[in-house]
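Some structures to go through are shown next.
Here come two complexes built around subunit A, the first alongside subunit B, the second alongside subunit C.
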Partner chain A sequence: MKISVKDAETGNRISMEVDDDNTIEEIIEEAANYWRKNPGAYVIRFGKKILQAENTVKEARLQEEDVIELIPDPEGGKCFQKICL
Partner chain B sequence: MVKINKEKIKKWEAEPPPAARVCPPGEKSFLQEKYSQLGLKNFEKLKAVPSNEKKVETEVSNEVDFYIREIAFDKMLKHCYDMALEGNEAMGLLVGDVKQWKSVYSIVYDVATASLDSSPFYVRFSRDAFEELFDKLDDIEYDYIILGWYHSHVGYTSFMSGIDIQTQMKYFSQPFHAAIVIDPINIEAKAFRILNKKCIEVPYAVFK
Partner chain C sequence: MAIRVGENDMDIYSRMKLYDWYDIKKVKNKKILVAGAGALGNEVSKNLILSGYENITIVDMDYIVHSNLSRCIFFKRKDANLHRKKAEVIAERLVEINPDAKIRYYVDKIESLDVKNYDIVLGCLDNIASRLYLNSNCYFYHIPYIDGATHGLIGKVQVVIPPETSCLQCGMNATHSKFLEKRFSCTGKNVKYFEPNMPSDINTTSIIAAIQVQEALKITHGMKNYIKNIFYYDGNRNFFSILQLPINPKCPNHNK
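And now, the complex of A and B:
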């Protein structure tokens, strides 16, 4: 099955062949490696839903031509959370 | 099997930049006008948070290539002000597109935010807020780019802290990305970007 992964920071997309038993983690790792990003740094959007890394393509109900997206998860402020909160 | 077939690079449409009010580094009059226009008063209620954080050395650029729609700019100011009333930082994403005319420029059409884990010194999206954020992104009808992020410093001036620089480098390292840092108490809103491992303060322009 063919799906696309969108990099929200550039708008670029890659199209991928995936199987029903592939996990979201495998897909994101492949895409992140291609774009030289840290796969663990992103939240994965599929429409209005978050995709969980451990779910398979089948469990996530992805279908042909669907688009999933890497969304940044920024942190701001003066110091790290464990010090501040 | 996961196999990448091909990459589709997003094309930057050719379009002249909008007529806009330029806010060069150091300019305050536009922001003061905006605060007055938006009715952002009662500064005595806003609590300045003392900070001794060492500021990252910053250079200044004069080239205007970051345009923000006024509605989005107003939303950022209001969000940061409202959160400052509670003594906390605000944050959101800058949503828009990249265009080209004589040169490449960024154009922010809207901002997207959701519930935050926020303190006087720290901010990020709440771990259970992403579906709220995705609702907003899913409603956007054009093929958007997240051009950067905005957040506030509650009374300790607008600059890029160490953690802000880390975020910028991790997610927003393209030359068309920027970070907007707003201090609602000192009435500051500055734009920054990281280029060649240097932090650069850049002018921005606000259009209707």
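And now, the complex of A and C:
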């Protein structure tokens, strides 16, 4: 079935063909790769719910034409994020 | 009994006491841990002391640099010149605001602290590894954990009340874990850090910190109207939302 994934940061949308056994994790990776984002910095929101990454499309109760949103998952809070080189 | 003109203005918390739910004794006695003394840690500490909390511990191992000064109310130029420790300076400044407060600080890793000594933990951190350490330990000991995080103009607060609510780990995905492994590998002696892409913004930081302390006040008073589960703020799109994160049955923190 076809769902839409929206990029919270730009408002852009893509249409994505998914199967019942695809996971939310796979959707995050696919959409993040498409928009050249780091998949580790995003989660999926569906209405008022954060979808759990390991759930399948069926478990998340996604249906044809549903719109889900890729939203940034903040990790900062101190003055800088430290990243290992 | 006689009352004196202006007497009410002598009581620091007289205005707070006008809230029918506010109990100064409960607030004073709660043992609060502030984990992280950066931008969020500064704002959270400020709001805690002004809200009447007097038993506060701050933990952070970093020292102050000049670039911190645009986001940290308690840090001054002379602190940056002297490379003073963040936790120590916040502790010192909180006592200036309330000399009765018992403020402790540790210049150490979050992981070196025993969270079971505290009633509420506020996470003001910058990395997943330390967050997950606090999250799982607080869950195990049934200590409320209020996690704040920002990324530019976006921020979130997750309220974790064991055993009722989901926890931080419930919302993680495999890519988070890949990054986590990378961070955990950063323990050798030739480790380099760089200060990269998205600095915290003081306004978003203030909003997130204020919500964290507001939630701490609710929990302190046993109120049940705490955020379930995530307050999500997006300053780019001018909205906030309360997002639900159900308990993940596969999350190890709920099977104890």
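Everything below uses one rule, namely that the second predicted complex is superposed on the first by the 74 of 85 C-alpha atoms of A that agree within 3 Å, B and C clash if a C-alpha of one lies under 4 Å from a C-alpha of the other, contacts with A are read in each partner's own complex, and residues count from 1 in each chain.
Just so we're on the same page, contacts are C-beta pairs under 8 Å (C-beta built on N, C-alpha and C of every residue); 3 or more make two chains touch, one makes a residue touch a chain.
Bear in mind the structure is a predicted one, so any value in this text is a computation, not a measurement.
Participant: Please work out whether A:Glu9 is in contact with subunit B alone, subunit C alone, both, or neither, and reply first, second, both or neither.
Facilitator: Touch status of A:Glu9: both partners.
Participant: Quick check on the superposed pair: does A:Glu25 touch subunit B, subunit C, both, or neither? Answer first, second, both or neither.
Facilitator: Only subunit C; A:Glu25 stays clear of subunit B.
Participant: Touch test for A:Pro74: subunit B only (first), subunit C only (second), both, or neither?
Facilitator: A:Pro74 sits against subunit B and subunit C alike.
Participant: Of the partners subunit B and subunit C, which touch A:Ala53 in the superposed model: first, second, both, neither?
Facilitator: second
Participant: Between subunit B (first) and subunit C (second), which, if any, makes contact with A:Gly40: first, second, both or neither?
Facilitator: After superposing on A, A:Gly40 lies in contact with subunit C but is clear of subunit B.
Participant: So, does A:Glu17 touch the first partner subunit B, the second partner subunit C, both, or neither?
Facilitator: first
Participant: Enumerate the residues of subunit A that count as touching subunit B in its complex and touching subunit C in the other.
Facilitator: After superposing on chain A, subunit A residues 8-9, 38, 41, 43, 45, 48-50, 71-81, 84-85 contact both subunit B and subunit C.
Participant: Quick one: in the complex, what on subunit C touches subunit A?
Facilitator: Where subunit C meets subunit A, its residues are 36-41, 62, 67-68, 71-72, 123-128, 131, 148-151, 154-156, 170-176, 178-179, 182-183, 185-186, 191-200, 205, 208, 230, 232, 234, 236-237, 241-246, 248, 250.
Participant: So in the complex, the part of subunit A that touches subunit B is made up of which residues?
Facilitator: 2, 4, 8-19, 22, 26-27, 30-31, 34, 38, 41, 43, 45, 47-50, 71-81, 84-85
Participant: In the complex of these two chains, what residues of subunit A are touching subunit C?
Facilitator: That would be residues 8-9, 24-25, 28-29, 38-41, 43, 45, 48-50, 52-54, 71-85 of subunit A.
Participant: Which residues, counting only subunit B, touch subunit A once they are in their complex?
Facilitator: These residues of subunit B touch subunit A: 1-10, 51, 53, 89, 91, 93, 97-98, 117, 119, 121-125, 130-131, 133-135, 137-138, 143-146, 149, 151, 153, 156, 161-164, 166-167, 170-172, 174, 177.
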